[in-house]
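Next come two complexes built around chain A: one with chain B, the other with chain C.
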Partner chain A sequence: MSVTQRSPITYAVTLLALVFLYLPLAMVVLFSFHATGAVSFPFTGFSLRWYRETLGDEIFRSTLWNSTVVAISVSVVTLVIGTMAAYGLTRCAPRLRAPLALLFFLPITLPGLFVGIALLVYFARLDIQLSLTTVMIGHFVYVFPYFLLVAKAALDRLDPALEEAAADLGASPWRIFRKVTLPLIWPVLAGATALAFALSFDEFIITFFIIGPDSTLPMFMYSRLHRTVDPAINVVSTLLLAITLVFWVIAFAFAVRAARGRARATDTLLGEAAA
Partner chain B sequence: MTSVAEASRETRRARFGPGALTLPAAFGLLLFFAAPLGTFFLYSFLTNSLYEVSRPLTLEGYSDALSSEVNRTLGVNSLVVGLCAAAATVVIGLPVAYWLRFAAGRWQVLVLFLITATLFASYLVRIFAWQSILGGNGLLNSGLRRLGVIDEPLGFLLYNRFSVTVALVHIFLPYVVLVLYAGFRPVSPALVEAAQDLGANAFTRWRRVILPLVAAPAVTAFMLVFVLSAADYVTPQFVGGTDGALLGVRIQAALTGVGNWPLGAALSFLMLAAFLLCYLLTVLALRLLRLDRIRFVS
Partner chain C sequence: MTEESRLELEGVTHRYGTVTALQDVSLTISDGEFVTLLGPSGCGKTTLLRIVAGFIRPSEGRLLLQGRDVTRIPPHRRPVNMVFQRAALFPHLDVFENVAFGLRVSGAPDIEARVTEALRLVRLVGFERRRAHELSGGQLQRVALARALVNRPRVLLLDEPLAALDLRIRLEMEAELRRVHRETGATFVYVTHDQGEALALSDRIVVFDQGNVEQVGTPDEIYRRPATPFAARFVGDANVLPVHVVELSGTRATLDLAGIRFSAPSHDGLAAGPGWLVVRPEVIRLGTVAGDGMRGVVRDVAFRGSGFACELDVEGLSEPMKAEVSAESGAPPELGSAIGIAWDSEAVCLLSRKPE
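Up next, the complex of A and B:
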């Protein structure tokens, strides 16, 4: 980072890319405040009527609640099982590492469509009723590899001498984890949990196949998308954007804290995951 | 019970070690990922009849999938849209990742944050956004008409392969930027500067120095977008219409409603086989070009 080059063309492309990424989203947010139902220019004035209508909608409120319950359950379960798996994977016998990593990271390489339909067929075969529980199971399969990537990267960066010193001083493995490892990696784990929440909250591709009679917020959004004119979608969209963004900001903030150097913040959470 | 557990704790720890901590996760993924995929694979060889899937094991699903004219058209659509979306995201992503790595300076964290934030902007919201932008009475058409640029709405914007590609590029660009940025991270700015000092112009620098250094991550990003685009079933439903439908939509239809599970399963595994083939070909190409051997010494 010591040297900064001048590179006008890549600078221009970056600016255009940001406009391309943000303009459509800005439009959705803008038209969620539109006074009329039209999603077209001219923009005729601001109003909160679509927010009042959506927030008063019983179905919207129940799907918001369901999504929250699912996302909290999934992120808590992922936090516990994922932390154990990351700790075990980085400290187990070397010959176990390759097969375990294959099993743990394989779900990330498959498009959600295949995971969703495979689970649908599997649950039907076992006569398991589709419900929010099956949705949670599907989300866990989807979210777990992301959590593991982040947690494993944090554990890999730890100096092994710290845990060895504690062991030499007679601490039990559990005490070492609680007193040495956890205090060093908890911000990363908190960030990864927020990431898990955001991923689960917004998940649609897998959910579509394995949802029972109860609905989640993305499912509600999907059913609304099928109607031709429905200004309330802008409101649902804006709320969905806002909620996932809040959790991404939390994840990012913890990553900054964990990295302690600002420049490595995203690397902690995503750069190494991407690598 | 407790005393037995107490007594054997030490031996258990010695036998299993920390590897035992991976058991819940391994068990969970075997039960809810590996087993479902295995079951699904088995289904691709079963025979479909109304409301029931039964034996004997046949290749009917596969022959049905391959012989259908519709599937071939959708397969071509998936290939074209997947390749276009993958090429566009990598072409846009490369300069963005380069700027983030070498030229961003103090803006780096902010721009990285802005780009990753769109990664979490809801998938369905983005599809809806493009539907409302590109539609006949959408934002683009109504805006252009308002400005007097056009009289009639431009019909070619929505419900074809172009609109699907645009929406997919929007969805996957942040992933690609991240993968490429991670690829650029170990590249020392000194390499680029050395090329510059030796008189290489921008084109030569990219062709001879920068692109070979990030070829492997660029191929990873390309494959990622290609696979995820070709298997997408939601985007084409809302912005693709009949002309822009992809194979994913067909698979989804085979698995919902009355459907035909063996056909859907056969289509899925044919698609996975095609992905695997593409992946192996690109790995082979990288090896032949000797671009897989580059190691960074920091």
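Up next, the complex of A and C:
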């Protein structure tokens, strides 16, 4: 019997794990289309009434708008600062690279709770009013290391001879960045920006501590749960899931595109070595 | 001298931390010369090329281009261009835009005409719209050559451009490089670890070992009159035999090799005492054993097309002696047979050896 052959038990366990993972998701989506106010079985019929109700809700619309504004601002700022940081990090004096990278990436390990409280104390000390701006700052702190991780990896993979060739042909450092570096890594940057959007859009823990009088979509959902439980909450969850998923798919699609470009470039060289 | 010499290195030393990559290298390269920096990997030749390109600032020493000190000029302001080991074509641009890159940067007029001229020089007209991944290795290097030459650099630097190619394409590209050098008249500084390439291409060769210049000379000089045992072994095949110089008289030297007296050409700087005798395999004649001549036992014979490469055990020598017998001279010597060894005393080279 070959070791690669799987027993029926393996299949059963795999199936069970997948059901366990996706069944709750499927239930949320299913009951968002429920005709009645119940969020548990029996399922009595399909209807879009909860979607109509939710989309007509003023508070829902304003929190969706707030979350979108925050996520777009955070991802744009992260794109600019994160790209500069990654560029500096891969091109500074070699002995500075490891310690700087450690400092930049360390926040990934911090619990959201800790970051939230720390920021709250920090804003209070500096007498900064809590608002959507403080939420943006908090989200930036949260998504920045993830963006940097992806962007730095792309710059590390770039053949240094390409930038040297551009310098050798007379291009200034800024021109090299615009004409060679950026065109080669932009798919990765675009993907990392989509990732930053997705991370910010559904962030809850840090937001919980530093949100002012305004509200974001995850905060809105949380407050709704306190009052009544009806399919409207399923509708909001489903929409949140859909929006986040779209941006994860975008991020993934760019990553695949970048990987293809790399494979093609390496093919040329490997093909040569084999020829 | 300075008037026509394009590139001068004065006492260039470079250290990576505590490792010395180049030790006090001084070198003058004339206008239009094809100079090859030759040596094993890690000998400092690539470091020197990157210093000329401007990617590395030397720890000590100066670099002058037409008498102007450019040691501190960044690479994008130097009138030199480089062909990289693995072409390093921009993958997001097609062939035309790769070649046009330097012209667009400098804002040159007639970009289209100059790119076409450069592509004609490397015989790639019609490939303008191809991308790097649609080209063969030889074509990649031709584009890299055109991309550098289109800027009409005073000095063209080539960093092992043929190392990644297979033998047939490499020989083809060697001929292309010689032709392009003739047609452009530019100064070429070429780095390689392949002595065959160096001998075939260069006007002059600079032999490097461990950061030091071992010898500078024409291919012929280095082959016939190597200055050091390293140069003798690295350029071409050689027997480097430990001898004792017994007597010097004018243009001749008498020496003792494994108890047998030989004569060899003498030269300035040669002293009596320990020395090395460099004997190329192809100057050795194998024949019948003569009375008091040198003799050896054949231990290996390999057919090489043009002849037979033989290895002989010689009494009194620690290493086997290499000899080449041309295929026309008939059958190769028999394995295990004793055979007489002789050579033309004008075709060997004697070096001084520091006593150990």
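Everything that follows uses one rule, which is that the second predicted complex is superposed on the first by the 243 of 275 C-alpha atoms of A that agree within 3 Å, B and C clash if a C-alpha of one lies under 4 Å from a C-alpha of the other, contacts with A are read in each partner's own complex, and residues count from 1 in each chain.
Rule of thumb we're sticking to: a residue touches a chain if its C-beta (ideal position, glycine included) is under 8 Å from a C-beta of that chain, and two chains touch if they have at least 3 such contacts.
Because the structure is a prediction, the values reported are computed rather than measured.
Peer 1: What is the contact status of A:W248 with respect to chain B (first) and chain C (second): first, second, both, or neither?
Peer 2: first
Peer 1: Mind working out whether A:E164 is in touch with chain B, chain C, both or neither, as first, second, both or neither?
Peer 2: In the superposition, A:E164 contacts chain C only.
Peer 1: Is A:L102 contacted by the first partner chain B, the second partner chain C, both or neither?
Peer 2: Neither chain B nor chain C is touched by A:L102.
Peer 1: Chain A residues in contact: does chain B have more, or chain C?
Peer 2: When the residues of chain A touched by each partner are counted, B comes out ahead.
Peer 1: Could you tell me if A:F114 is touching chain B, chain C, both of them or neither one (first, second, both, neither)?
Peer 2: After superposing on A, A:F114 lies in contact with chain B but is clear of chain C.
Peer 1: For chain A, what residues appear in both contact lists, the one with chain B and the one with chain C?
Peer 2: In chain A, residues 265, 267, 269, 271-272, 275 are touched by chain B and also by chain C.
Peer 1: Which bits of chain B are touching chain A when the two form their complex?
Peer 2: Against chain A, the touching part of chain B is residues 13, 17-26, 28-30, 32-37, 39-40, 43, 92, 95-96, 98-100, 102-105, 108-109, 111-133, 137-139, 141-143, 146, 170, 173-175, 177-179, 181-183, 185, 189, 192-193, 202, 217, 227-228, 231-234, 238, 248, 251-252, 255-256, 261, 264-265, 268, 272.
Peer 1: For the complex, give me every residue of chain C touching chain A.
Peer 2: Of all residues in chain C, those touching chain A are 53-55, 74-77, 80-82, 84-86, 88, 90-92, 101-102, 105-106, 132-133, 135-137, 140, 147-148, 151, 164-166, 169.
Peer 1: Quick check: in the complex, which residue numbers of chain A touch chain C?
Peer 2: Touch residues, chain A against chain C: 159, 161-162, 164-172, 175, 179-180, 183-184, 261, 264-265, 267-269, 271-273, 275.
Peer 1: Give the list of chain A residues in touch with chain B in this complex.
Peer 2: Residues of chain A touching chain B: 1-7, 9-11, 13-14, 17-18, 20-22, 24-25, 27-28, 31, 39-42, 81-82, 84-85, 87-89, 91-93, 96, 100, 103-104, 106-107, 110-111, 113-115, 117-122, 125, 137-138, 140-141, 144, 148, 173, 198, 202, 204-205, 208-209, 218, 221-222, 225, 233, 237, 240-241, 244-245, 247-249, 252, 262-263, 265-267, 269-272, 274-275.
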